[in-house]
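Lettered A, B, C and D in written order, each chain numbered from 1.
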């Protein structure tokens, strides 16, 4: 079983490494123009030797676009998830560990955010702050925060009742130190798992947002934007969806497999 | 390398612009006797909103309501104003009095017979700011609507308003509603049109049924169901599976594909609208004519049309209705000359790489986004860095249209054949739609002069001069007329009659379904 | 803490009524917060409905007139007061773009959405539960990977991808289902279901991943419990042990997650409803937002929030029915 | 008589991440009808795997029987090799001819099915009974396991039953199929139960065996239970059999060192009779340590901890506004004193309030009223800051050595934490301090950099003790500190605690349910029942002369690790413990005591 798990983890790590390499090296190896260069003779050309992954509606090479889009997509997704962690972690931790009135107030706030449509949030951010990548990250990050806060609160609540927390308290550890030393490390596995899932959602969220004008601005490439652009041509040029779709799928798969391994790495018990 | 290929090839591939053309089956049976009966299921591309003809500014609602209402005057194929609900009209030589003789025995859907009182009611309702009518300014100079008898309407103007009649023939302003029907028009529209309103399920379907007492004779169809399907792929699928008889607005990139399908009819026509690229004249670089002209020179309009519209349009340098007298035949789009543009920009003080322009495009028109993306490539070659910002329709309207907070953008307008409305409101420095803040004394003079010029030929000349001035100064970069498109099952007959001469409205009065 | 457990069992009856009321109170409090936030946010949004109605025909003069007639010029506090007051008294006003009473619009659209929400959730559960159980039974084996990977596929591609795929495959190529539209169930219930199926199926695929995961992890936990060994020691067939004994315990947490997903679902139906010309709450909210129809935005947002929170409450109560350990006394 | 089960060279392997691990190496034994065979061993000895193999349930845990035969004589007289039987045949055997009881009554029943359903589904499956017949049979079964109000129980769900009743239901399920199941396997059936309930269940198993003539395979780690139940005993260790024999042979004349060590580590209730002071356990191989034990220095009694009228109640919330509608009287008017260098044991069954009492003293939970004086300070009156500082004087050791250490921190950091909290040392000084603590609790120094999971339960408990010792406390509250440990490890930890007490003059508040252990370690004993101390006094006095009825029943229920003193032949029924929840206006009577002997107080009824 372990061998199986290790192989799985290895596949995950390899996948992620390849994706990371593509994100980092892609823009160095491939001229940035390659993603936007158009060829009107070859609009929606199916995959071929000249265009490995075919072309889109403007005759742009999908292979170059998907590779040069990697970095943008990952940057957006990772930043948004990091932002949601930065916001959601303290919220959930404090709420779950301290409980009582603070918990009640914070959770009502989280409920409000949860019930508040992400669409309205995105539209407002786009309209008030303007459509660009930073604001896209804010929109996704803020939208994800309540979910994360909820999950972290649940975990913190569970950990706060563990005897080692009681032991720490009885040996005079302050609440802040208990949260830092005891609660935080023990909720990290849940945070990691949630983050890997959130990353996938964040990549796709960008696709949805570019529908509203937020997200990567064309003609720059990102997976989300490419997926969104495939919407009207799925029946005649399925590769326009499948190419970025597979990129997302592989990333998600890699993250998932890696997530399990990462949990094991972080968990001293599994060493 | 690729870019050069792109340029060469798009020009090579270009065909000639498509005028009105219906690809076959229907033409073969055009002589058949129309059959009565059947319900036409129309896949409508947009959502119908408020059903009050006066309050409706959106094309989607207008497209439907066109079948429910009749207008006092309308236009023929050549865009001449002709009588509608009136038998005749007369304009006093001083241009201050209009007299309409109404048709006798015109029935409204509620069974009432139209009288002058209904006309008076409708016009005054539209004029009243409290109604919130979109076209209320058509009646700006109207001092009084008088009804000497049941079939005569006399309109007194406080000042000459040459375009008044044409404006009445346009969307909405000239429709006649029964007295006191105003409050219910929004939910239960009623007029004297060929179809009666049956029901509207918001966002899903508008149902209309034949009005047997229609003054031009009853329609062939028993009923029309306008199903609202905004997603292009879904609409296409509905047509292909036979769930829909007809769809409007075939995505431009799919027209060729459908035309190739022998089992379907495709009808394209132009102009549906014209598009132009706007430069904000308060933005420092665009104050310099050389920059504007250089920008015009960067763009290859034919290639752009092929790229963004998939060839479904025709380039133009004039926004006038192509068959109208005012259309300046002498104007041609500036040819692409990137080196020349570079030189001109350098001369204006903007050497390569020094101009960074934000191009705001609205997601409401996907082909605007495509246009912008193609522009980015050319502008890059000319050393101008163009960045796209996508805006929702609401944001575009508030940022570009109202607040004039943009550098460069593009927009389309339904091609208005009434020149005064077009040139005065869009290019006169005091024009209501001058969102580029253009301030050109020559245009101001010309457009003012046209208003008081009675002779039609003379007026047309003035407007041609306006077009010349717009082109010379490159106030805006006029791109093209875009095609309108309809796709239909072979059984749908009389498709030629569907499109209103103004290019945007659909009327099903003479459409029929072959068994 | 251990002592408290005893207390719980004893006074369950009291606790439960109180629990329900307490939850209701917090729902109302949250709704109030949402009205505030929504009102504030909608008023920050630039642009207004008058502009949207006029479009490129709008000019300052015309806009002013239309705004007047739409009552957009009242002070904000007055508008908020009107709104909340109207909400409570049932006078929800009229949509500015559709000119229809909001209450009527919401009624129609909520019904349409309810159908696909329920249907998609049913489909998602019908797919996710067996898949998750299968994965749990073969934990850490290839079956587990296949299960989680296929569930992940559902979230790796956006909803509209699955929607369009459904349209192409089942409507265009196979012709089994209509490609679009909504039929009122009072007219033809069978047609309602046929029209709702494809969008529901596409939505279900998106929901599946999380549910599969949840089923797997819950089942994994339950399969290691002593009572499963007891069931096996009784000689029950493995089939019975897993699908009856274990699943009966796993279904509660899975349904709780399903309940939480309702909120997420109300986000995804926006795309799916437009795609299938199946106009429900998602579509209505989207139209309201795009057209800056503030009264409609405010009511749709609060309505959806209320539905989401009440659904979660209902799920919690359902849990009580499923799990006798927390049954009403 | 012919043996009903013959286990022949059983070997079980588990495939794990690190390759195959041997669960059972080589085990052979036989059970005759009507005989109770006890398999005894510490955790990891393979005793449970052996029992699961007999049911072929071991496969569901990833195990495989790789060698040996498990011959079982079926009802029709044929012999079946369980190791080679098909799943279908096993389905017919399991539950039908072999019944099994498991350790955890709380989790052994499916929480979402009624008792009736769980009893009848097997009956309907194996016997083809109709629903009515099965229900009738189920009712008979519940009666035969002596559950009160059996009709009502059928319609109830497991959570509505107490632990003891649940275990009776599990036994009913195990014996459901026939009046005489051929074999009953009981895998640690009473480990999780309170002592009085354990006594009842043991008596029940004895009666059923006697009445039905079935064979019982009894798996346990508890030598006292073995002494009470077994006809014959198999001692297992590391997957192999160490020694087999009749119960008398094993207890009176053990042959193997391991068996001797095991027996030595078990405290026998009553063996401390007449001894004034606590005494360390006799550990084989630890004779030197034992010899080193100096005679306890007579101390001048000096009060360290004084508890006066301590009361702790938990609110039961209800109503819309979450008002308190009732109260759990967890600790009710408890008073006692604890002297420097002495151990006071609080004993009682689960829910009696002994843990809450310990926590209330440390103010880990806030007491409702009462005073707690330590070294002249009223703990109850301290503010947050002072309380934090005062906690240096009083530390706690928890029951679960797995849960009381943070899995994500290195041991040295966990031990150092209290020292850092009070700013007592840092840098090299801190390191030395921690080093000394590791030496003190006899843990190798290289363990400092390890994580908790790398240690065994006993080692972890030593770390917990080191952590408690870190700030030189005067009082240690040990809450079931040795309950989760194997018996030999338990003895070692107990010895360590006693050694520390002698060396450092520590006082222990020793909270435990195990009367035999308490008898060994305590100077004074307080018996708790429903939140009150019902009897308190010097250990000898309380054990020799239990005066409160509850103390008496408690002591009578303790199994004694001596086969000559069997106590559970007849059905037993102790008075069930009532609820500690009272309405808000309930005014409990004050605790009034009668002194029956010097320092020996008994609660007046």
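The definition used in the following text is that a contact is a pair of C-beta atoms (placed from the backbone, for glycine too) under 8 Å apart; a residue touches a chain by one contact, two chains touch by 3 or more.
Source: prediction; values computed, not measured.
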**Chain pair, A-B or A-C, that carries the greater number of C-beta contacts** = A-C
**Request:** State which chain is most central when centres are taken as means of Cα atoms.
**Result:** C
**Fill in**
Rounded to the nearest Å, the gap separating the Cα centres of subunit A and subunit B is 43
**Prompt:** Which integer distance in Å separates the CA centroid of subunit A from that of subunit C?
**Reply:** 22
**Fill in**
Between subunit C and subunit D, the Cα-mean centres are separated in Å by 47
**Message:** Give the residues of subunit A touching no fewer than two other chains, as numbers and ranges.
**Reply:** 1, 5, 123, 127, 231, 234-235
**Complete:** Among subunit B residues, those touching two or more other chains are 233, 237, 392, 394-395, 398
**Request:** Among the residues of subunit D, pick out those that touch two or more other chains and give their numbers.
**Result:** none
**Item:** Chain-chain contacts as defined at top
**Value:** A-B, A-C, A-D, B-C, C-D
**Residues on subunit D engaged by subunit A in the complex (per definition of touch)** = 15-18, 62, 362, 364, 388-389, 391-392, 394-396, 398-400, 403-409, 413-414, 417-418, 421-422, 451-453, 464, 467-468, 470-471
**Prompt:** For subunit C, which residues count as touching subunit A in their complex?
**Reply:** 1, 26, 29-30, 33-34, 37-38, 41-42, 44-47, 140-142, 145, 148-149, 152-153, 155-158, 160-161, 164-165, 168, 172, 210, 263, 266-267, 270-271, 285-286, 289, 297, 301, 304-305, 308-309
**Fill in**
subunit D residues touching subunit C in their complex are 55, 57, 60, 87, 90-96, 98-100, 102-104, 107-114, 121-122, 125-126, 157, 159-160, 170, 173-174, 176, 314, 316-320, 322, 325-326, 328, 330, 350-351, 353, 355-356, 579-581
**Asked** Which bits of subunit B are touching subunit A when the two form their complex?
**Response** 2-3, 5-6, 9-10, 13, 232-233, 236-237, 251, 253-254, 257, 303, 306-307, 363, 366, 369-370, 372-374, 376-377, 387-392, 394-395, 398
**Message:** If we count contacts the way the header does, which residues on subunit A are in touch with subunit C in the complex?
**Reply:** 1, 4-5, 8, 108-109, 111-112, 114-121, 123-124, 127-128, 161, 197, 200-201, 204, 207-208, 227-228, 230-231, 234-235, 241, 245, 248-249, 252-253, 256
